[in-house]
Amino acid sequence: MNYDCLIVGGGFSGLTCGIRCQGAGLSTAIISAGMSALHFSSGSIDLVGYDHERKIVYRPFEYLEKFTGAAPDHPYAHCGVETVRESLFFLKDVLAAEEMEIHNNGDENHFHVTGMGTLKPTFFSQRSVFNSAISQAFARKAKIAVLNFEGYRDFYPELAITNLLNNSLFRDVEISTGKLVFPDYGDPQKNPFEYRSIDVARIFDTIQYLDEIAEQIKREAGDAEFVAMPAFIGIQNYKKHHQILQMLTGKLIYEIPALPPSILGMRLDDALKSRFAELGGVLIAGDMVKGGDFRGGLLDHVHTQNYGTARLRAKAFVLSTGSFFSGGLVSDARGIREPIFDLRVSATSPRSTWHSPQFLDRKGHPFLEFGVETNGRLNPLDAGGNPVENIFCTGALLPHYNPIREGSGGGVAVATGFHAANQIIKACG
Amino acid sequence: MKRIETDVIIIGGGATGCGTLRDLALRGIKAVLIEKNDIASGTTGRNHGLLHSGARYAVNDLESAMECIAENRILKKIARHCIEDTGGLFVTLPEDDPGYHQKLVEHCRYARIDCEEISIGKALRIEPNLNPAALSALRVPDGTIDPFRLVSSNVLDAQERGARIFTHTFVTAVIQEGSRVTGVRCHDTGTREDFEVYGQVVINASGVWGQRICALAGVELKMFPSKGAMVIIDYRINNVVVNRCRVPSDGDIIVPGDTVSLIGTTSKKIDYSQIEELSIDDSEIEVLLADGEKLIPNISRTRVLRAYSGVRPLIAVSGDVDGREISRGIVLIDHAARDGVEGFITIAGGKLMTYRLMAQMTTDLACKKLDSSRKCSTHREPLPGSELKSMPGKHIKFFSGIPQSVVGSTLYRHGERVRQILSLSKRNYALICECEMVCEGEVEYAIRHLNVKDLVDLRRRTRIGMGPCQGELCSYRAAGLFARLNVATSAESNGMLVDFLEERWKGMKPILWGDGLREAEFTHWIYQGLFGLGDVNLPGEEESL
Amino acid sequence: MIDLENISFDHCIKCTVCTIYCPVARVTHHFPGPKQSGPDTERLRIKNPELLDDSLRYCTNCKRCEIACPSNVKIADIIQSSKWKYFKKKFRIRDYFLSHTDLMGSVAVNYATLVNFFTGLPPVKFLLDAVFLIPSKRTFPKYARGTFRKWFRKYAQKKQAAFGTRVTYFHGCFVNYNDHSLGKDLVTVLNAMNIGVDITRERCCGVPLIANGYIGKARKNARYNIASLQKAVVDPGSRIVTTSSSCAFALKYEYANLLEMDNSSIFNQLNYITRFIYDQFQAGNAPPMKPVTIRAAYHSPCHLERMGGVIHTIDVLRRVPGLELQILHSECCGIAGTYGFKKEYYDVSQKVGGALFKRIERVRPDFVITDCETCKWQIEMSTPYKVLHPVNILARAFER
């Protein structure tokens, strides 16, 4: 099998890269061993939310202009701030083509509410999380009702509201709670108390229940103009059904990301995969790249678990295999490795330096900053320290940034995927 | 200041203290127990959980060995749901002294511990994951014991018989009138209130902390703490206790404990000032895993869930230094006789599995002081939950509709009390902890009936957060339930959640690699990345959304 | 006793992704999903086999959970092996008949007309339902008259010697007993590509045996098949093909992962047919095709998805001129081999397939195309459309 561009890892970064390459006319395949981190993410795309003192960054691009100068190894520095910006708006267009509305606050970050009622700065959000009507309502200090299904085990409005009210922004806002009851499914087998967000999303996807839910929302929300619910308002028909619900209730309906699986993240995943397929890209799911052979300092082909000895060839290869979580990096008691090609990684030793003393340490954990060492083109280094010019590493696999502490996970995934694609397109074109 | 009157005051809610509380209650004597943290949060909750047959001590310490086998037989009757009669093996590996095998056989015979020599083939049938290179094997009546359940059911029974217990309450002073101890002053860390308890007898059952309690009473008792580390692996890799057949040393026991297996232990002297903050070195972990692997080779392929350590409270009766050499004999001190301080007893040493005997000895002494002639019945009276020999089939049928794995796990943890916990309401059996099958009904029961004040307590009663995910999904759910059940405010629930995750982190840090690291990355993403839990106390931001 | 062959459950990080993608958990709460049935409770079963949940039986072994899992947990394998390790074996005549396809087939083909007639009769269906717990709503696949092997020996074998390159064809039970035309079409297609076809001794690949817990018998068949096929591929250049995606999946993956047999001697040389044709096309062996003017909807079977073979089928079909191909969203059809033939699962099976059937109706194709025979039965029973195999299409395009 032969492609122009073969991408290992179908997460946020691999998909962005694949869509860009395939869209530019390169024959592109993505091999992915399992579902990616998008299934757990908030579904908002964080560019950079905090500075090195963990103070909130309001104008991310301005901040990055300064910051990348001081941090030349940071993935954003490799891309350059202009490319970062370009990549994000490329992504916005891609999602628009899939009829997914993404909103940003101009060049500034906005906040979204978390399941614990804290506020997180982010750059792009879905319509049910950020849009102008929502920010106006917040500014007006409109009354909020946080609603939840009775007995739903993955969201506890009580906890969130306490923290929200502690925030000066919400100090004079009136927040009420209310309980919804799952519509009668006609299926006595179901145990609604064990529903996950996905089960609830499927209820919202079914048009016949919307009227009943809307009635309940109206009743429970009272005169609140703003209704917040855990993010489970539909997965396939979310866009239409969210609008219908707003219409039926006459209220703004806001989604709060809750425990995994993340419906907001899965919507992104769906949209990106569908875009890639429509452009003609090949997605090979459930297979794992096991290794490859090099020729003349370049990667010649890779082989996978399912295809056995068959060789998958390409002009350029992208490694978007994620961090430890997704298997892009592996660790044992002695050290850290990149498992497919044993590429050079940036990590500390001994093991006791991998983590911080507190779990919720504000400095984050060093292991999140480990990854495959690359040059500015994102080419990794072979054993001899020379760059492999037809491999590009992107996303969470990269070192020298801490996605959680900086609030930069999605942005780095998109920007580096895009940056790699640009170079591949140039090389192949 | 609030004042409580009782007959006997017990300091320390470990196995010894709680066992004593129950013994007193069974004898109809009023008692109050004060525990600074949670029951079983001291050494009792930080050991190997081995229900010794005594074989391990047979060669070096015959007295302990005989105590063990006697208590072993009793506990198998009265604490059915807290112990598992797995049986145990002693195996000799090629590098071990082959002579020890014979010595052990002889000493066991002397101590009347059933000890059967079996072929390697048979040993491998009993324990398929055993190192096939083993040279010889012995079978002994070892078992496992769950300290959390054991202590919790002792307390449950005592409370149902009128005893009182205060957890998360420190004893800050021992009140004396002349040469007589008459009570203790306490500080409740939850309400931050001080109160006093008065009684005729004060029992110091505070384990390794006993030296400090003695000091509060103006008595000197020196203790040499010796730290032991253990690692927990993800699943139950062995079904019977596997011991190395050699002079007791590091890393030579693997105990199957509920859904996991535990490898232990090391032994290291520490300074008395270090007993609160126990650290675990990489070298200890390496020793444990390397030695564990020799007994069960598959261990090298298995995920390590946690590492933890406990301190053995060794009392300076002889001038001994090394933790393992001296007998872990039971030390019962009547301070009236030893130091001229009336109404004060110290009980320490011994083992988890001799807790009942220790409690009996202590209660006997207390009774003498109270002039009571009531006899001990703890060797006959089964603990709540252990009244009947549990037959899973019966319960599974009774609760048909609830997954067998849920019924079975609840039954395993609470014995016959399962009937008070589960119900056929869907809400009741919805799972909160998906690794250890803890359902909402069990959480609610524990919170309402088992002296649970926070998430860590809840973990000790139910195993919530003790499985492979170490609390990834369930800690948020359980914290939410505290608020939903109105037993804590939302702010308190938030605080509990943070504390719980930090408590889990302590045990994960030393073994943070492989799948454990992946799990930690995921959990960190959820709680910090997605929930911003670390920012909960951040002052509000000024700019608008 | 703890059997530690499959300890992949140990890698599970409890992310719940598998449960999102499980088609059964989606339609019935009787099945708590792959996470709970697989890695979660496997830990408990290791501790105590009595903690076995009956609900495990609902798993169709579609493997969609494994495709989704980011931790490479062999979830479906864990569930299947738990089914046969821990469930007490109850002999059920129905399960025996449904799973011993070669035995049943070899009898039925001799009385094909009769058997087909009877299994179609309402009273018989009622009986099957009441006594054997085979739902009366289910239509039975028809048996063919005689076996494919007989036909092959009589009419095709001689001509094959003329070809320089030959491949071994593992035809499987379906072609042998139910639908000769697929086997015949395969001979047509390969011959048109200038490749000869051999057959060798084979037994049922074992898929239905595995599903019904006849693991001993499945192992026996596996041993037999590996030994027989091994002989056919001593030369590293030789190839084995199957026209059943499920047979290919069993021979390549279930043998190794579930039955713990060493099939490495045939692994790389054995492939599902479209993969073989794809490779031939890539290598330039692509004879001209004539247009077929068909509007078809393509359904990708679960096991082909798991093998990563869907791209080959699609690529091959896309080269057929005139074939207007609509790729259906990848979804389980619900039959899962013998699963949909059992009364207790019939409703679940139909509910699982519901989404797929709706999609097909929306497309209104001339035909549905799929690679798997049981998917074919399910779709033909549940929609008004006839289902073809990719090889049927190619045969039309290559026909002279």
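For reference, chains read A, B and C in written order, and residue numbers begin at 1 within each chain.
Criterion: a residue touches a chain if its C-beta (ideal position, glycine included) is under 8 Å from a C-beta of that chain, and two chains touch if they have at least 3 such contacts.
These numbers were taken from a predicted model, which means no experiment stands behind them.
**Student:** Assign the assembly's chain-to-chain touch graph to one of these shapes: line, ring, star, complete, other.
**Tutor:** Contact pattern: complete, every chain touching every other.
**Student:** Can you name the chain whose C-alpha mean lies closest to the mean of all the C-alpha atoms?
**Tutor:** A
**Student:** Just the number, please: Cα centre separation of subunit A and subunit B in whole Å.
**Tutor:** 42
**Student:** As a quick test, compute the distance in whole Å between the mean CA positions of subunit B and subunit C.
**Tutor:** That pair's centroid distance is 51 Å.
**Student:** From the mean C-alpha coordinate of subunit A to that of subunit C, what's the distance rounded to whole Å?
**Tutor:** Centre-to-centre distance between subunit A and subunit C: 36 Å.
**Student:** Quick one: which residues in subunit A touch 2 or more of the other chains?
**Tutor:** 40, 191, 194, 260, 325, 327
**Student:** Specify, in ascending order, the residues of subunit C that touch 2 or more different other chains.
**Tutor:** Residue numbers touching two or more other chains: 13, 15-16, 32, 71.
**Student:** When you check subunit B against every other chain, which residues touch at least two of them?
**Tutor:** Answer for subunit B, listing residues that touch two or more other chains: 431, 473, 518, 522.
**Student:** For a test of understanding, state which residues of subunit C touch subunit B in their complex under the given definition.
**Tutor:** 1-4, 7, 9-16, 32, 35-36, 40-41, 43-44, 46-48, 50-55, 71
**Student:** Which of the residues in subunit A end up touching subunit B in this complex?
**Tutor:** Residues in contact with subunit B: 37, 40-42, 56, 58, 110-111, 114-116, 118-120, 130, 134-135, 138-139, 151, 153-156, 158-159, 161-163, 166-171, 191-194, 257, 259-260, 262, 323-325, 327, 330-333, 350-352, 354-355, 357-362, 364-365, 367-368, 403-404, 409.
**Student:** Where on subunit B does subunit C make contact in their complex?
**Tutor:** Touch list, subunit B to subunit C: 125, 128-129, 234-239, 256, 258-259, 298, 301-303, 392-393, 396, 403-405, 408-409, 412, 431, 434-435, 437, 467-469, 472-473, 515, 518-519, 522.
**Student:** Enumerate the contact residues on subunit A facing subunit C in the complex.
**Tutor:** So the residues of subunit A in touch with subunit C come to 1-2, 33-36, 39-40, 187, 189-191, 194, 196, 198, 202, 260-261, 266, 282, 284-288, 304, 306-309, 325-327.
**Student:** Can you list the subunit C residues touching subunit A in their complex?
**Tutor:** 13, 15-17, 19-21, 26, 28-30, 32, 66-72, 267-268, 282, 305-308, 311
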